Amino acid sequence: MFPWIYEFRWTVGHIIFLGVFFTVAAVVVSTVVLALRRSKKAIADPRREALQWTSEFEDLPAVVRACRHQLSGEVKERTCHHEFDCRSCATHPQFLARTAPAIHAAAEESLCGISMPLDRYYHRGHTWVKPEGDGTFTIGLDEFGSRMIGQPDAVALPEVGSAVLANGTGWTMRKRSSDLRVLAPIDGVVVEQGGPDKGWYLRVRSEGTEPQFRHLLRGHEIRPWLVRELERLEYALSSDGIGLSLADGGELMPDLWKQSPEIDWEGVWGSMLLQA
Amino acid sequence: MDKQFIPRGLRRTTFGKFMAWMIPWILVLGFGLYAIYLCLAEGLFHTNMDNRFAFGLWIYLDLTVIALGAGAFFTGFLLYILRREEARAVINSAVVLGLICYSGAVAVLMVDVGQPLRAWFTFWHPNTHSMLTEVTFCLTAYLTVLLIEYVPIVLKNRKLRQIPRFLVFEFQLHKIMPVLAGVGTFLSFFHQGSLGGLYGVLQGRPFAFREALGIWPSTFFLFVLSAAAAGPSFVLVMTALVQGISKKKLVKPEVLQFLGRISGSLLLVYILVKAIDTLVWMNYTSPMVGFSAFEFYNAGSFGTWILVLEVVVLGLVPALLLVNGHMRARPLVLLGAALMTCCGVMLNRFVMTIQTLALPTLPFDAVLSYMPSWEEVATFVAVLAYGVLLYSLSFRYLTLFPQEKDIRQS
Amino acid sequence: MKLTRRDVLRFAGGSVLGALFTPIPWKLLDDSSIWTQNWSLIPPLPRGPITTKFTHCPLCSAGCTAKARCVNGVPVGLSGVPNLATRNGMLCAVGLAAHHVAYHPLRLSGPQAFTGKDDGSVLMPVTLDALLASLGPKLRAVMSSASAGAVAVLDQRPGRAMSRRYQKFLSGIPGSMYVVSPSREDGMLGTLRALSGSPCGPMGFDFENTKTVLSVGAPLLDGWGVPERMQVLFADTSASGKTLMQIESSQSRTARGATTWLPVVPGTEAALALSFANVIFREGLYPKEIERTITDFPRYRELVLRYHPHPISALTGVSPDTIVDTARKIAGSPSIVIAGADPARGPLEKSTEILVAGLNLLLGAPARSGGITLRREMPDVDAGAMPETPLHRVPDHSIGLLIMDGAEYGESFPTSLLKRKMVADGGTVVLLSPHLSARSASADYLIPTPSPFESWEEHPTPPGAAAASFSVSAPLLAPRETSVDAVRFLGLLSEAIGTGTEGSTSPEAVLRQRSDAIQSAGRGTVYAPDGAEGKPVSAFSNGDEAWQAFLDGGCWVDEPAAPARSGRFSILGTLTDDELATAARPRQREGAAITLTPTGVRAAMSSGSISPILSKIFQESDLRGNSGTALINPTTASQLGIQDGSAAVVRSRKGTLQVRLMLDPAVRPGLLQAAVGPWPNGTSGTETMDNEGVLAICEVQEDGTWRFTDVTIEKA
Amino acid sequence: MDQGTQKKSRYGMLIDLDRCNGCGACMVACAVEHNVAPAEHKATARTGVTWLRVAPMSNGGEFPATDTIYVPMPCQQCEKDTPCVAVCPQNAVDVDPATGIVGQVPQRCLGCRYCMTACPYHARYFDWWDPQWPKGMEQALNPDVAPRMRGVVEKCNFCHARLHTARTKAAAEGRESINPADYVPACVEVCPSKAIVFGDLEDATSELAQAVKHPHVFRFLEKLGTESKVYYRSDKQWVLDKAKSLQTV
Amino acid sequence: MKYRGVAFLLAGVLASLALGWFVFPMVLYRTESQPIGFNHAIHTGEANGMTCDMCHEFAEDGRFNGIPVTAKCADCHSTALGSTETEKRLIEEFITPGKEIPWKVYSRQPDNAYFSHATHVMKGKLTCEECHGPHGSSSELPTYQVNRISGYSRDIWGRNISGVPSEPWEGMKMDRCVQCHADRNKVDGCVACHK
């Protein structure tokens, strides 16, 4: 195996064979080392956050990854490949150019008792962002999320002054035994902490340029999205093998989990909050 | 109770039912481990192998599972090297199957050798002319690669991925996976070949001996080809089996057809080469050392039917079925043809290992018979049980079929 | 500073890293691999000075000269001493491992006795004193009551100085019998001697000068007599110019090596012999003087002329031409006609033996060069003048107390034969043996004698030898403390019955007596084992010198006997007309059941008496069948629907036997050749002392022979 | 041995099948010489350890036209592309360049048995059991040959220990090469019918080198091209036919 | 603490090194005492002037007898030579009863190794010291240590636990045989030295 072992022979066969073996071993080892080194670097925020989202996004079911233009019916079937970030999507502007945004007169959409005010932008992970006009933006959990989860047992909000990243962790909540990660809809620096009681969770200020909301849902997209989300919730619950009725008298019940506490709610909430 | 470990969006049976499925296999595994203990602690007399039948069920098992486990390397090759995205639907399952096949084979080899504590001598004093050295090196290296490939699948478990370190490592590892897939393909290519060479180089066994192309006998290439052909079929069959047992649709039908098509085309090439090889062997290699090829087939209970069965019935027929788009579109035909492909390769390995040893070489020899002992069978079954257990655990807690949730949700 | 988990992990990581730079992993790997190369499950090799000692193989009557390679004085290997002027010294397969016998797992650890025969109890260890205290009164009881049967000694190697001790012991007991083995390789010579009208010395075969040997079933090339002598003379008959014709129903190893093989219908050998005589008579090929020296010549002639080759051909299965050619061949050159049988098969029928032996007389034997020769009597020690009675000739139910010397028998016999000779209640049997054997079950007392190479052994003239000879095996190994040699046992027994001891008290002294007798006779030559020139006995100035020569492995060979004037012989002996009429009946009846005939390897029919290493030829190869295997012709097997290697049950009127059947075209169709022992390594589950294998189901005929038994075979 | 000064040898054997009567003396002597343990109770002809195996070969005729010869089958000491050497993964088998003897080092062997499948003569044996000697018999072991442990392959090496002894003797006597009379394998030494001739094929004057020229001399499976150094001879035509036809079934 | 992690790592490394180089050899080897003392120097020194082969002699066939038998000692020590305790014990315990001294042999090779002293000494002209070092001039027997796993004398591996010989004659493992043969251009098969 090695030249210092007495049976080693400097023959062509030996050299080729062992050369190949050592090369293979070296490749395998360096691959692992490389992966370790890279992950050591990447473990630092905020790269980890971005990386985590990339990874999670890949594992989301295709139905979740449906393009917003599919939601709005502009295209029959289209799956997002840009981690829900339309800013990096080359096709998105074309869609915008083709179809002028429908004027939406209504102030809010309402479905099954869930009201979604249209004065704000919605992230697919059930958060909203509302420009306050003073350069700050309020971020909150939408009604769908609130009803689904109910009153959280604990909320861990980022410190004032810390940065949140679009699609990164906005804040975490603890409900029953589940830790829930809520994705931030935009980049920004936290300027004020809210909470479930206040109806919003964070107020952020965007650093540098004005934040863009191109990647967030709005107006006419909300209703089809909400319809799909209700279907998805229904599916997520049914995947637990329990036929749970979502609605009581046409309304999504608040504190839905109370209906059937034995369900894997962590799984349901997680998948609704875009965790794979 | 274990719901928090099951991937989101997948429906899995209750823990109770799962355990009811697992416990019998655990018992079987335990029984097999007892047999293995007997062989290791007391000696290989517990087997029915003997000086004349020095390789038995275990070597047959090794050759077979490794041929079938080629599904792992070939799917990886399709996905990462040839960039066939269809393969992504089964890659995780294929890796787990490959890992089971290879680790099972290595485990059985360690029981099979008389002095396992000295097995590492092969690395220290390798005889580079021996096919077995090549096999040992490649098996070890490829098993390592498979373990590394298995890591990201494990790390994606719903609980484990919550640990950022794991998630990030998984992500980085996954990005480099094409390199490992390439290495795996290279290694798998070689040891599939060496396993073929294992018998092809035996000049003392004219039934198995084949002419060399370069430094390798033709069986080297035949084994590579047949393993590549059977691998996708095996993945197909296993996917269908898992779908059947779990009563879930796990992949889109196109994926299975894709696998079938790849398998069929390769099988067709293989059968062609095999036919040429057989003709050369019958008309040149074998007569040259004084043995008439057909007499081999007429020895004992063997017959020419074995050749027909191997090459035509379990070779040509499934190959034609699989390359034909209309036939392939019928799920039953597809599954049946894939199953036949697997059986064909299993039969080929049987002929190479068992029949080679059963046939006499000396003028005063008789055709030998061999029937494995219960210890051998128990060890065999233990590997099977180990595979079922590992696969079941992986299936329950890991995402083996990424399309599964899509299929259900759409 | 608080110790965190992370710290512990770092420390552990550091230790692992550090360990790679210490000898620990590498040395452990090295040492563990060395351990697998020398692990304690294999024994260490003996170390010590290597010496060479000459001795003689003590396992059978051939007494071949052997060179023992010793480490620390313990023999580790034996080899023959070929081309010895005296006697050939190539060892047979059994003899080559004779030095292992002392370690056989079946060795007796001490005296044993049945403590309650009726309630089925087994042999239990007893002290020697207790054994004698129980045996003495029994012996006295047998001696004092005529109805309790006779006291007898069964000596399977007669002619030794030790035999003389037995004879002397018996001569002090009125009505006692000195019994010898029923089947002896040169039994035909005894028969021939008995046909002599006047006292006649021992005889031998002059194989060296003969041209033609007609063997009726004698396994000449398969361990008969002195193996190397036969090998050298007949292994390559085309080179030696000799003709060996084997008459045997199956193709034995001897038949294969013979120039010609005459496959004869079992049991018709006597008819064939008479048919040869018929040709010789009709063609006038016999020396004319025998018309005068054969006392019953007219009766013989009248009998023989009825056996014309043509009808006999139909009876025996040998073609008329072959009969005529064979007869002409033996009559036309110096020739030997010899009768015998496979060592497991026992004696020939009396009529067969006499009629075959008679052919030699017809050809002008004895004292004919290249035929039967007379040899001188060995210088004898004080014999008690007890006549030898072969066991099968002992009257039934006549022995009340039997002392069996040596469990080992180069030839074998069924226990049922022994039982038949014992008095109705079974009497008392004392067995002197180093180990357990098939015979142990019929014994009431077992005396553990020293094993071969621990004991003093002597080798008087081997079977068939043309001249008398003598050699000694001195012990190479220290005997076990518990062992009791036969001389000491006889002494203790004499004490127990109050007849007192006399004569030599050690086996060495017994042998020394013979040495002294040879030295004082002054005849013959002692040849040293290293092949040097022999030294005439007359050159030894005293008994010590001669004895030392024997201890050094020397072998004494007598001078050839002076050509004797032909004596007068009866050719038909005591055979009655009835016996003659039934002499030539075929043993294998047409369409009858399968005929079972036992087969065995000389001196290797009992497991404990041979080296465990003989498993190489009896178990680990297809060379020889071991206990529980039987050979059968493939045609017969296919008629019975039996596969090669399959298990079967053989059923005779005496019982059943489980065998593994092996197909062999050399076996005559309709015959079943079942092996008598052994299972050399002594580890067989069936290796109990009462297992005598196939002999247990052999039927012993009225005349004490057991060559053929009708059986049926069923698939197991 | 020294490459320059030491004479190269090619030890070989000629076995006269017509002289062999299958007595088995060679097998026993071989087992004693090489410290092969007695059989375990369950050992059979296919699991036993017999460095030298004497196999019956029948002409296939029906009774009484049947004939059987015995073929002593030691390791055939193949010279060219030695099948077992090429396959051993860890160099436990080699051909000694000085003697042409195929050596097996059980201490190196891992017991994979690949060499056994490679050997067309079935002259290699695996220790299926732990070797067991009856109590006390270990002191009767040959001090020149190491016992093997279970789980390894062993085989005939032409009594190489005797060559050691002969070489040592030659060195002690100041001779450059051994005395051929000092190196006689056990099976050759004990054969009562003198059926085996042993010697150096390289030495054209040796009895062996002369004897193998006879037209009735053959090797088993000669066409495989392994250049085995164990020759056989028989004057029986059926033996010659059968040995050359090779095919058995 | 910035270097806290490194410190723990280093501590682990150092602990291993100490364990491996100092404690491990003590655990691995068991020290056994020789049955009786022996002073080579007295025998080979000027007073007596004996050479090695006078006691460690060859048999007629070249076989090396190794450690001499008691009878050899008795050639000179038939009665006590001197009044030391050792001498007294030698006479009383071994010479008078004729018992062999159960020496523990430093250079004992395993049963599977074949080494011909005749070939190496008589033909190869090696001196005793080339392999055995200055053993013959030692006045005291070295401690005999035996490997608990392999059962070998420590001298086979060499006194230096690293396996790198501190003296040229140290160590008697196969590597050394092979090296020596390779240096002298000897081409052998395995069986040339294995039995």
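Some observations on this one:
To keep things simple, chains are lettered A, B, C, D and E as they appear, and every chain counts its residues starting from 1.
One rule holds for everything that comes next: a contact is a pair of C-beta atoms (placed from the backbone, for glycine too) under 8 Å apart; a residue touches a chain by one contact, two chains touch by 3 or more.
Everything numeric here is computed off the predicted structure, so don't read it as measured data.
Taking the definition of touch as given, a chain qualifies here only if it contacts chain D and chain E alike; those chains are C. Path length between chain A and chain C in the chain contact graph, taken as the least number of steps between touching chains: 2. Separation of chain B from chain C in touch steps, taking the shortest path, is 1. By number of C-beta pairs in contact, C-E leads over the other of C-E and A-E. Using CA-based centroids throughout, the chain positioned farthest away from chain D is A.
Chain centres were defined as the mean of their Cα atoms; on that basis the chain farthest from chain C turns out to be A. Overall, the chain located most centrally, as judged by its C-alpha mean against the mean of all protein C-alpha atoms, is D. Centre-to-centre spacing of chain B and chain E amounts to 53 Å, using the average Cα coordinate of each chain.
Chain C and chain D have centres, each the mean of its CA atoms, that are 31 Å apart.
The geometric centre of chain B is 39 Å away from that of chain D, both derived from CA atoms.
Contact with two or more other chains is made by residues 7 of chain A. Among all residues of chain C, those that touch two or more other chains are 32, 36-38, 44-45, 50. Of all residues in chain B, those that touch two or more other chains are 115, 118, 121, 124-126, 129, 133. Which chains touch which is summed up as A-B, A-E, B-C, B-D, C-D, C-E, D-E. Chain A meets chain E in the complex at residues 6. By the touch criterion given at the top, residues 58, 60-63, 110-112, 114, 116, 118-119, 122-123, 184-192, 194-195 of chain E touch chain D in their complex.
The part of chain A that touches chain B in the complex is made up of residues 1, 5, 7, 11, 13-14, 17-18, 21, 24-25, 27-28, 31-32, 34-36, 38-39, 42-43, 48, 51-52, 54-55, 59, 61-63, 179, 232, 235-236, 239-241, 264, 266-267, 270-271, 275-276.
By the touch criterion given at the top, residues 174-175, 178-179, 182 of chain E touch chain A in their complex. Chain C meets chain B in the complex at residues 29, 32-33, 36-37.
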